Amino acid sequence: MTNPYVPLLIMAAVAAVMAVGGLAASAFIGPKRYNRVKVANYECGIDPTPTAGSAGRFPVKYYLIAMTFIIFDIEVVFLYPWAVAFSELAVFGLVAMLTFIALITVPYVYEWRRGGLEWD
Amino acid sequence: MSLVHYLVLSGIIFSIGATTVLIRRNAIIALLGVELMLNASNLTLVTFARLHGDLTGQVIAFFVMIVAAAEVVVGLAIIVSIYRTRRSASVDDASLLKS
Amino acid sequence: MNGVDSMAAVPWLTLLIVVPLASALVLWLVPQLHRFARQIGLVVSLLVLAGAVVAAVGAFDMGAAGTVQLNETYAWIPQIGVSYAVGVNGLGLAMVLLAVFLVPLVLLAGWREQDQPAGTAAADRDQASVLRRQAGFVALILVLEALMIGIFAARDVFLFYVIFEAMLLPVYFLIGAYGGPRRKAAAMKFLLYSLAGGLIMLVGVVALYVMGPGGEQGFLIDSLAGSIQTGVWGERLLFLSFFIAFAIKAPLWPVHTWLPDTAEQSPPGNNVLLVGVLDKVGTFGMIALILPLFPEASQWAAPVIIVLALISIIYGAILAIGQRDLMRLIAFTSVSHFGFIVLGIFLREPVALTGAMIYMVAHGVSTAALFLVAGFLTQRTGSQRIGDHAGLQKVVPVMAAMFLVAGLASIALPGLSGFIPEYLVLVGTFRVNLVAGVIAVLGVILSALYLLLPYQRIFAGATREGQETVPDLTGRERWVMAPLVAAMLVLGIYPAPVLDAVRPVAEDSAIEQTTTFAPAGDAATEEADQ
Amino acid sequence: MTLGLLPMGLGSPAGPSADFSNDTWWIWIIKAVGILVFLLLSVLVAIWAERKVLGKMQTRTGPSVHGPIGLLQSLADALKLMLKEDFTLRGAHKVLYLLAPLLAAFTAFMVMAVIPFGPEVSIFGVVTPLQLTDMPVAVLYILAITALGVYGIVLGGWASNSPYPLLGSVRSSAQIISYELSMGLSLVSVFIVSGSLSTSQIVSAQSQMWWAFALLPAFLIYMVSMVGEVNRLPFDLPEAEGELVAGHMVEYSSMKFAWFFLAEYINMFNVSAIATTLFLGGWRAPWPLSQINDGMFNEGWWPLLWFVAKVWLFMFFMFWLRATLLRFRYDQFMNLGWKVLIPGALAWVVAVAILQGLQQFYGIPLTTVIGWIAGVFLVIMLVLLFWPEKKGAEEEDERDALPATPGTARRGDVLAAETEFDPFAGGYPVPPMPGQKLPPSPRQQRRERETQLAALGTGAPTTPEPQKEDDDG
Amino acid sequence: MTFNAPEIAWGGLTPVLIIAGAAVLGILVEAFVPRGPRRTVQIVLALGAAAAAVVAVAWRWTEVQAGGAQHLVGDRVVEDLPGLAAQGMIAAVALLGILVIADRTETGEGSFVAQASTRPGSPAEADATRAGLVQSEIFPLTLFSVTGMLVFVQANDLLTLLIGLEVLSLPLYVLAGTARRRRLLSQEASMKYFLMGAFASAFTIFGIALLFGYSGTVTYEGISQAAPATAGLDEMFLAGSALVIIGLLFKLGAAPFHAWTPDVYTGAPAPIIGFMAATTKVAAFVALMRFVYVAVPSMEWDVVPFLWAVATLTMVVGTVVAVVQSNIKRMLAYSWIAHAGFVLIGVTALEQVAIPAVLLYLLTYGVATIGTFGIMTLVRERDAAGNINAEATSIEQWAGLGKRAPWLAVAMTIFMLSFAGIPLTAGFMGKFTVFSAGVAAGHTWLVVLAVIASAATAYFYIRLVVVMFFSEPNSEEAAKIAVESGVSEVPQGDVPTGDLELDNLSAAGSEAAAVARSEAAAAANTVSYDASGPRNASPVAVVASEGLTGVAIVVTAVATVAVGVFPGPLMNLLAQASAFLP
């Protein structure tokens, strides 16, 4: 069997050409009429608030989501190989994974109960 | 492309990560440096797993990912809390402990 | 079973150790007893003295003074071969007796010393804290007594080391809590020196453990002697580790510098025990540990040590002459005296060794007397500086007399305690090495200067203004001095008991050397001769 | 039927079942370009179709001017976008600003590479499956690429250095990571029963039974999270027009905007295709058709038709949703993801694993297990039926203990009932919290007074009567 | 490709399971038990688990004595006597540590912040404090950390080592940031600890990767067998071992990987440091020894000189820097570094007798550390208004403690003497045995260096004793400090001061002070001055423990003395633990 990733590379190349080509084409075709207002931030037409430095900040709540996400992402990372090898790992795998899920559930329950999953 | 290349690559990435931790003062960047180091380790592990025809390396890579994730969670929590206090994530700004 | 046997069956040494220790503990734990701390201390120390005398007379076979008697051996930490093994030979007994003899005197001498607290804080100015200070003082002295007995009786190197280190603490607290204005620094200096010495010794102890015979009693001096598995240099290094510790303790030039500073700041009572007894641990250790354990190495090092000892003698004497502080002066005289003792020990000559042993006892008594008198004096005048006193002879004749007697004993006036040991050491020295003998004699001459000059300055001449009303020794103080003077006289006129006790020990040690290491011994002697 | 749940359960983890051994480089290029063309065309059609469908559902025409029944409308839009001025925002992070749309489009294109469009066909004499490639970890690849797509949105919003895009990107990333979890979890049961992560293998595992039926809960969860993943209504918070204008795309124009827009629609196709592959039997013909003529419709080019039809089924479903549902509030949306979908998916995985385990490792037939479960369930229900109801479950929450400071009141706080409503809490006009009563507006008060005056005919104020019916206008 | 489920000897995992189960249970307790009894439940749970773990270890000990060492999970985890000894020590010390952690002292507030998530100085923090919230998560976190340690010492496989390392470290990073007072410092400590820890574990992981690449396996036995077989890749093996060892050395705080130690010791809450310092070291040293003894014995000629260098540097750095510290916590931190150097001597001995020696040293150190930091939680700063603040960490502040709290001072003295290695304390026995192992291995020069260093360490330990017993608190200075702190710092908590142990406030005085405090900080200054007189102007207060810390201090002090005087039974016990299961 040939390496299945080679077609993927070809696909990637084609997709990249497409994506870059589209941008390049529009850059060539499109008009160039510079305007100070045009390149200013859009804030519903009012004068943009001056933003300091590079960019605004992600709110803290976002990090909370990210952290919780990571925990479950890890779970998924382990679940996939196990699911694929479910038959082979047999009872041992099943019990181990149930334990694992239970252990992941504990902090989930904790977070829920303690208001970590309240969004507002 | 021989396996050595992968090792060299991972060595380079590891060094970049380590350098980042050592010279960048922003805690989050430093954390990223650590992540880079971990990823270099993962690359090494997977390469060797391939070399030895032994999945152990890949399994360890899984665990390293877990470790990385756990570290990110804990580290991010710590850094966010300190950031909220000081409005800065710089390691140097947090220097009350310098003697 | 006859009387002696039943007497010997009593664990005398353990009793002597436990009684003061337990009393100290009780005293410390029960605040209600603080009011009677001094009385309790005195009673206990007298009891211990009585016990020691009874043991010495009743249980100790003076005929076999060369052997270790009153033995008690219990397993302590069998895992590393440590046992609680105590027992004394003639020398040990003499030292134990010296210690228990001095403790009641120290307590008595310091009877009023803690009446005025040294602290400045308001909290200290109440009665309870004064009582607490008194109780603390007594308790520490008692603990020290127990440890002194323990260390002179220890037959186990580990036990010896443990007590060696543990002894630092009471002394340290005595200096730190009851000393002069710069007591903290002095205490620290004392502690660091001693600790450094002790830790160097620890290396030796550790090495002994590793290289020794092992077994459940591997740390007994008897098991160790002659069975240390090590090469020539190993033995020499081991020797050094012990010797440095003892030299610091002794104190031998050039590691003596802690003694003057400590003595200057330390309370007189503590000085008595520190210089009179504790420092003898160094020389005692040389005799009891170094000579039997590292015979070859001690021969190897003997020339250097003899030189050091001679330097000590001369250096101590010269510096003593230049001192302005009375306590420092006495401390430096002790450096000189310790030079004699170490000289006697490392000449490896039975007569000199006997002399050194008696010297230890005699010096203990005379220095104790000197420190006590100096303490009485400085307590009255509030100054330790020699120059602050003058012409006190007329004001305090008894004190002057006491000082003179003690001083003369110290500089080995015939008929007083110092003479016989110094004579024996000198005789031994001349037998071995003429040059060394000459230098040592030089030290004797200098000693006359360093004691007579201060006497002259303090007591002779016109009385200094303001010192006309200095009171003479009180009854209590005279009672303190009387036994000391008696002891000095007895040792000077009739030293036979002590001589009998230590001579076998000295001969044993000396014989041991000559028999075991005869060839090397000759070579070393030749070296020393040159 | 129930017993047929696990046809492929046994055996070792399977790799791709499709055979790519005949493929050559030009076949790959043909397939790759084909996928690209298919996607672009589909998007054009989809945009038109969406507008048409929405139009019909809202009883209006939708696009009708360009081309027959307005078919060329999207093409015209696309051309217009291409001809627009392409500018770079001042203050933007140049590289990332440019990279973001590229990334979005690129990742969108890439997903289809491992989707099986059909069985083996002959292309210019080469027998090859209608699938660019497949690998043992194909689904993982899809998830990875999708995850990468988030960067397009996040970076786009961030690099613009502008408030609306930033908010949009934050919301978007929060949303996507929240829904990715339930999506990923819902797939686990598929893998358990298929025994593979390879798409072609998963499709062939569904030859007897579509997982959509056997694993219905997982399918439902996937459907919901799929909509969440692609930021469609009712989950289109990142680009909620009313709030954020267009979210991360606000500061983009011309082709950059087009790529974002395109990526969004392609992603719709992607998730639909994944759903088709994993749950609806992929390219396999639906049941009655699959039986015709010994599976004639499962061979040759026919399956392409079924596949496209199924994908469009999902597309229509999404159009339909858009026409039907309102946008969720942020907290409702997150609650749905975190408190319903994730635990649901998790519980489902556990259930499937246990059932499968019992059946596979202990030989206990599924019917028996389900019978037992039903029995236990029945008993529990009976008990609950006669259980005395508990009076008001007490909520114990960490912040109950915190004394409420005005203006920081939060949902669920009991304080709301007794605190006075402050219309300008925190300096901004705010609506009343649950339990707080809105005081009558000044205008209403005036009107009340006027009516009373009118009713009494005097100027003397008397006890005010509660007014209810006078402001129904 | 078939999968063989590993044999799991569940019995051997009992201690780990107990602690881990209790930790998980603790999380559930957090989630479901109402706030009122929550803290009590957590304390009972944590203490019970630690005690049960001790019992379980004892049971396993007898089992292993009878049945021999065994592999527990495949060959990833081994159960042998050194590992069990370490587990027992960790569990026992953790038990004591939890006692200290649980104690809130009579001020009613522990060393831990009410809500770690609140911003220091924010209204939310004040709210949380006023509401008396308790961050009772510290107990499960502690238990998780203990879980990691228990695994760490039994790890026979680099992967298990890694897992143990992380499980033990991560909770500690968080715990370090939970101090109630000086929160900025605490957070900073937490961040530094985390960054350095993550950095070090990255090294470990890379080392693991290299070792795996070299030997194709990650079990210690496998690595040791592969070592002589594979030629030409020695550099990789060397680098891998070195990196793994570096990661472990970091945990130990051995120089030059010690940079985090002083900061963390200074910033983290005292009970946590006590717990951490005592237990982590046991875990890390045993793991290090197992790695060095079992996995890379063939590298002796490369590893041992490396460890020599580290030990030397560690001793020198620790000692020299500690001498100039005036902050007790920092002093203890550097002194620990020096201790780590001493223990490393035992590790470098590469002899089986070194194992019990190192264990003994670690136990004695750990016990004394718990006690020391237990005492530190009781000696607090006080502002002029009488509010009890953070721990008094400046050495000057401890002046006169011997008079005001003689028992505490005595206990502290015992611990300091034990640290200094004075005979008749446990620390001496530890030093003695470790040095013996060093000499037996022929590293006499290292021992000599260590002895010199420990003479120097004795200096600063004894200095604290001097300060406690022989120094008078400088009243004028103290008053000045009190005034300044009172003016500059608005009292944070509203702690009742009337019930301080050695506080002679009259009832009226305390009332007056309380009233004044509620009115204005400035007014409080004057009133409390008038009421309590100059003696209370001292900036240091000794608060009484709720009992738990007291128990811990008494137990540790008694144990320190008892082991010092009669080390026999303990040494007998540990002497059995003289062989890793290879």
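Note that the chains are named A, B, C, D and E in the order they appear, and that numbering of residues resets to 1 at the start of each chain.
Everything below uses one rule, namely that a contact is a pair of C-beta atoms (placed from the backbone, for glycine too) under 8 Å apart; a residue touches a chain by one contact, two chains touch by 3 or more.
Quantities reported herein were computed from a predicted structural model and do not represent experimental measurements.
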- Given the touch definition stated above, what is the smallest step count connecting chain B to chain C? 2
- Smallest count of steps, each to a touching chain, taking chain C to chain E: 1
- Using each chain's Cα centroid, which is most distant from the centroid of chain B? C
- Give the chain pair that accounts for the most C-beta pairs in contact. A-D
- Could you tell me which chain lies farthest from chain A when each chain's centre is the average position of its Cα atoms? C
- Query: In terms of Cα-based centroids, which chain occupies the most central position?
  - Reply: E
- Message: Between chain C and chain D, what distance separates the C-alpha centroids? Give it in angstrom.
- Response: 92
- Task: Round to the nearest whole Å and give the separation of the Cα centres of chain A and chain C.
- Result: 81
- Taking each chain's centre as the mean of its CA atoms, chain B sits from chain D at a distance in Å of 33
- Here the gap between chain A and chain B, centre to centre from mean Cα coordinates and rounded to Å, is 19
- Would you pick out the residues of chain C that each touch at least 2 other chains? none
- Where does chain A touch two or more other chains at once, residue-wise? 66, 73, 85, 88, 90-91, 112, 114
- Would you pick out the residues of chain E that each touch at least 2 other chains? 1
- Message: Which stretch or stretches of chain B touch chain A in the complex?
- Response: 62, 65-66, 69-70, 72-73, 76-77, 80, 84
- Message: Quick check on the complex: what are the chain A residues that touch chain E?
- Response: 85, 88-93, 103, 106-107, 109-110, 112-114
- Any idea which chain D residues touch chain A in the complex? 9-13, 16, 20-21, 23, 25, 28-29, 31-33, 35-36, 81-91, 93, 98, 101-102, 105-106, 109-110, 113-114, 132-135, 140-141, 158-164, 166, 170, 173-174, 177-178, 180-181, 184-185, 188-189, 191-192, 195-197, 245, 250-251, 254-256, 258-259, 330-331, 333-335, 338-339, 342-343, 346, 349-350, 353-354, 356-357, 360-361, 397-399, 410-412
- Any idea which chain A residues touch chain B in the complex? 60, 63, 66-67, 70-71, 73-74, 77-78, 81
- Message: Please output the residues of chain E touching chain B within their complex, sorted ascending.
- Response: 116-117, 119-121, 158-159, 162-163, 166, 170, 173-174, 177, 183-185, 187-192, 194-195, 198-199, 201-203, 205-206, 208-210, 212-213, 216-218, 262-263, 266-267, 325, 327, 330
